[in-house]
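Two complexes follow with subunit A in common, the first pairing it with subunit B and the second with subunit C.
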Partner chain A sequence: MARTDIGKLSLILLFAPFALWIALLIILPQLGIGYISLREKVGPGEYTFGFANYIAFLSEPIYWNTLLRTAWMSILVTAMALAVGFPVAYYIAKIAHRRSRAALFLMCLIPLWVSDLVRAFGWIVILRETGLVSSFLQKIGLVSGPVELLYNDATVVMGLVYTVVLFMIVPLVSTLDGMDNSLIEAGYNLGGSRFTVFRRIVVPYAMPGIVAGCIIVFMLTAGSYLTPILLGGKNSMWFTEQIYEQFVTRYNWESGATFGVLLLVFTSFVVWLGLRLTGQSLASTVAKD
Partner chain B sequence: MHDLQCESLSKRFGAYTAVDSVSFDVPRGSFFSILGPSGCGKTTLMRMIAGFETPTSGDIRIKGRSVLSTPPNKRPVKMVFQHLALFPMMNVGENIAYGLRCRGENRADIARKVATVLDRVGLPGTAEKQVSQLSGGQKQRIAIARCMVLEPDVLLLDEPLGALDLKLRERMKIELKQLQHQFETTFLYITHDQSEALLMSDNVAVMNAGEFEQIGAPQDLYNNPKTGFVAGFVGDSNRWPGRALSVSDGKVRVAIDGGGEAIALAGDERIAAGGPVELFVRPEVISIGAGSENTLGGTVESLLFNGASSRILVRMANGHLVEVGQAVMDGSVSIAPGETVEIGWSRSHGRAFSVAG
Partner chain C sequence: MKTTFALAATTALALFMAGNAAQAETLRLLTWGGYAPDNVIKLFEEANPDITVEVTLSNNEEMVAKLRATGGAGYDLAQPSHDRIFAAQQEYNIYKPLDLSKIETANLAPNLLDGVKANATIDGNLYAVPHQWGTSGIVADISKAPNVKGWGDLCNPDYKGRTSMRLRRTILLGTAFSLGKDPFALYGDKAAYQTMLDEVTEKLIACKDNVKTYWNGGDDLSTLLLSGEVVVSEAWDSTAFKLYGENKNLVYVPPETGALAWIDTFVIPRKGEADDAAYKWINFVMKPEIVKLMSNSTGAIAAVSNGIDLLPDDKKAAVKAAFDEQDLANLKFFANIPAGLEDMEGKALERIKAATSN
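Up next, the complex of A and B:
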């Protein structure tokens, strides 16, 4: 009896910080945001409740277009991060020498040493009109005047891929690392071409890592603020920018909260849809033991 | 006609020679084993045949045709991996169908072949099962079925019984032999377990340090080992260091280190009077009691009961411990620890090999 009591107590103690964190920093603020989003200001200090904020969102195309655009570009960033990250992860986990593996993995993590902000400014230094690329192009005579490489969608996507690709590589390396090389060899031995082995053995095996990586990357991208603002400027039209504007510039908390809720609901919906379309489920991939 | 021929095949990794000029032929439909301790190069040899390693020199021919330039996925050899390497994301039927689908066969043919091969390995109706639902022995059979459905010229098996528990391993040995008979395919089996090799094979090659020590039928290896390594590695043996006193007519008189003399067959040509030798005598040829051609005295130290392969441990006067085979240990033979006994064996049952250096 005493033993199970101690067991329970240690479970509670170990679980408490996590539970507090989730409750106080995630659930409570979200409830608050949800509450504010349903509030309407009718006069100074006077409020009514209803869905007016949501209706306002839907009736203003610029808002939902921005949300759709953010989601669409985040999907693009996720796909590109997967395309870039998979070969890197495969090389680290399967091809590289045991000894160089740790070093390569560390090299992937090094950019995290530097803050997001500084990294974004790094891109600015390289890509602005007076930046490295522009002056180099002028020097070799490919262009006659300075070129502005910042403030377009391609730059934003590239910058975001650069920022988040790590979060794709890490889960992929750990799943691929657990894969027995003899599975790949058996795939060849039984007559599979490179493509067959990749499609029918490597990808299905790596699926938990792919799903985990994609979810993390998509959520991070859709919720990112710094990179789109700094690299995309005024044209970036990122949804987080709208939220910031509502909260800070316009001091319209009701509307900002509504946008926040919509971003959460919509990105969750995209993740659900993505799992559905690819025939995966969280239980069979991320939560797989 | 030979299904598989290797001709002075070598593989070097930098300065290290894993496989050193190995040649052998495997006749069609036979069960050929490569037996050797871990690290002797047998896995490298098998991986070269499967195409996962490129030989440094030499040639591999399958049905008379060199396969050196054939990539692994085009070679007519299939491999059962040490841990079987069944694909966990596919069910049993899909695992077996994988190779057929790679070949681009049509659906109806695939379904028919999968059902047939499952029947032949004695697991009909398991196509829909998940690999994780199978027992160790069943996984083994699926791994073989997955290869055999492709009708390879040679099936390579890389210590596939290593992961099984003892009882199952004993049963699978017999089952493997039966499967080989049934499919009439050439099996090349790699193992470090001499009992697996002896029991199943038509021919066994004993490998040591990258080279083949001897190739022969199991009885041949057991009864007429050509080197000291084979004599010591295949089957149980008592092994004593000593010195050759005189050599004549294929017989050697050996002075065993620590005292005692015995006459034995000369195992190799290099034995010279005065040179160091090792004497090998199998436990089952030694008997308790005087009157044999070679006799030594000693004290019974302990009785090791193990059914038909029970042993009596005798500490000889010269300090060596001798294992004496005793098939019947039911109390009818009255031997107790501490007793002084004579042990003996005939001259043709001992074998002496020269020791290098």
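Up next, the complex of A and C:
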């Protein structure tokens, strides 16, 4: 009797920080945001409730175009991060020597020790018109005048891939690490080509890592603020910027909150759609034992 | 006898309360970077040993957003610009009426005080007094762009890819003036204002190719100009004067249609807890000897009668180089934004930001 009580108590105590964190810092603020998003402003200090903010979002093409653009570019970033991250993860987990593995993994982590802001400014210094790349190209005679490499979509995508690729590599390394090499050997012994072994054995085995990595990367990208704003400049148009503008510059908390809710709902929907289209489910991948 | 006793008791009580209030007050200041320099705080605390000053740095939008979030609590004195008082007070009720008798108004420049009074009076209550003022206009590198005259030059194809602006309401107003409109005169007529905004939006979207990028703060702007990537830009005069100190080719040009002038003010937040200390600060920083220290730190001109003369010598030279009497007479002070207009302007800015360009 006493023992089960202690067990229960320790369970409650262990669970409490997590529950408090979720309830106070995630659920409560989200409810607040949801509440504000349903508030309609009719005059100074006067409010009623309704869906006017959502209707305003739908009736203004600038807003939903920005949201679609953000989602589309985030998907692109996710795909590129997977394409870049998978070989790196495979090399670290399967090909590199056991001894150099830790060092390689650490090297991937090092950029995380510097804040996002500093890394974005690093890119600005390198890519700006009077920056390193431009002056190097002029020196070797490839271009005649200074070139501006900032303020376009390609730079934004590249900057984002650079920022998030790590979050793809880490889950992939840990899943691939658990794969028994004999599975691959068996595949070759049974006459499989490199491609067949990759497609039928490696990818299915790595699927939990791929799904987890893609979800993390997509969510991080869609919710990022600094990298697209700083590298995109006059052409950034990221949805988080719209949210900031509504809250801070236009004092319009109602529509800012609406945008916040819509970003959450829409990105969740994209993740769900992605899982459906690829025939995966959270239970069979991320939550797999 | 009885009365004497009562009187004595009241006096004692009053003294006791006064004594209590005087003990270790904190003045929580919400202001712009440079508006509460350490040397001024030190002098103030020496003159008022019972008050300690705490400073939080911010900008217009953030000040209103912060005070709105707390209903006007958390700070004892704030410094938004004069066009951010009326609508914010009407809508969110975040400021406290000021008692003008507690402020030594004789020190203040009468025209600026009247301007702020006209902008910040609601139902007979005054909510703000002026502190520092400056202008928004154009800064140009005269070695590469010698003929810059006004806002329109930001869209001049001669400087393609070499101009910059801050995508906020100032550029909308400046562009409107350059198109021959008077936006302040249209404030009362929403439909006409929208027509004007549409025209301005079209102009600025067409202009987007010409612009290198939009700047957000003084530091962005300085880097763009000092590196030579940008040769003509919208600018705050205080930033331009600092740049002039580093490169004599970077000159502030008041647009021919008039530089747009702003006044940063003092307001007391509605739930401020140290009003007396706040009034003391206001009167203290308006003393001529303090104004000098303050202007040296802010780069802006104090709202006292001889504000320009009290600038440090290098800034005074920059101001004299940029403005002549006619420019000063031609200043366009930001008028109060009537409710609803800011939303229209916000939409216009969003449209410009969302437009595609190379």
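The working rule: the second predicted complex is superposed on the first by the 289 of 289 C-alpha atoms of A that agree within 3 Å, B and C clash if a C-alpha of one lies under 4 Å from a C-alpha of the other, contacts with A are read in each partner's own complex, and residues count from 1 in each chain.
FYI, a residue touches a chain if its C-beta (ideal position, glycine included) is under 8 Å from a C-beta of that chain, and two chains touch if they have at least 3 such contacts.
None of these values were measured; they are calculated from a predicted model.
Touch criterion met: A:R200 reaches subunit B, while subunit C stays clear of it.
Contacts of A:Y188 after superposition on the shared chain: subunit B is touched, whereas subunit C is not. By the touch criterion defined above, A:N235 reaches subunit C but does not reach subunit B. Within the superposed three-chain arrangement, the count of touched residues of subunit A is higher for C, of the candidates subunit B and subunit C. Once the two complexes are overlaid on the shared chain, A:T66 sits against subunit C while remaining clear of subunit B. Once the two complexes are laid over each other on the shared chain, residue contacts for A:E245 go to subunit C alone; subunit B is not touched.
Judged by the touch definition given at the top, the superposed model places A:E129 against subunit C, while subunit B stays out of reach.
In the superposition on chain A, no residue of subunit A contacts both subunit B and subunit C.
Subunit C meets subunit A in the complex at residues 61-62, 64-65, 68, 88, 90-93, 161, 167-168, 208, 211-214, 227-229, 339, 342-343, 346, 350-351, 353-354, 356-357.
For subunit B in complex with subunit A, the residues that touch the partner chain are 50-52, 71-74, 77-79, 81-83, 85, 87-90, 98-99, 102-103, 146-147, 150. Within the complex, the subunit A residues that touch subunit C are 44-45, 62, 65-66, 128-130, 148, 150-151, 233-235, 237, 242, 245, 247-252. Contact residues of subunit A toward subunit B in the complex are 180, 182-183, 185-193, 196, 200-201, 204-205, 207.
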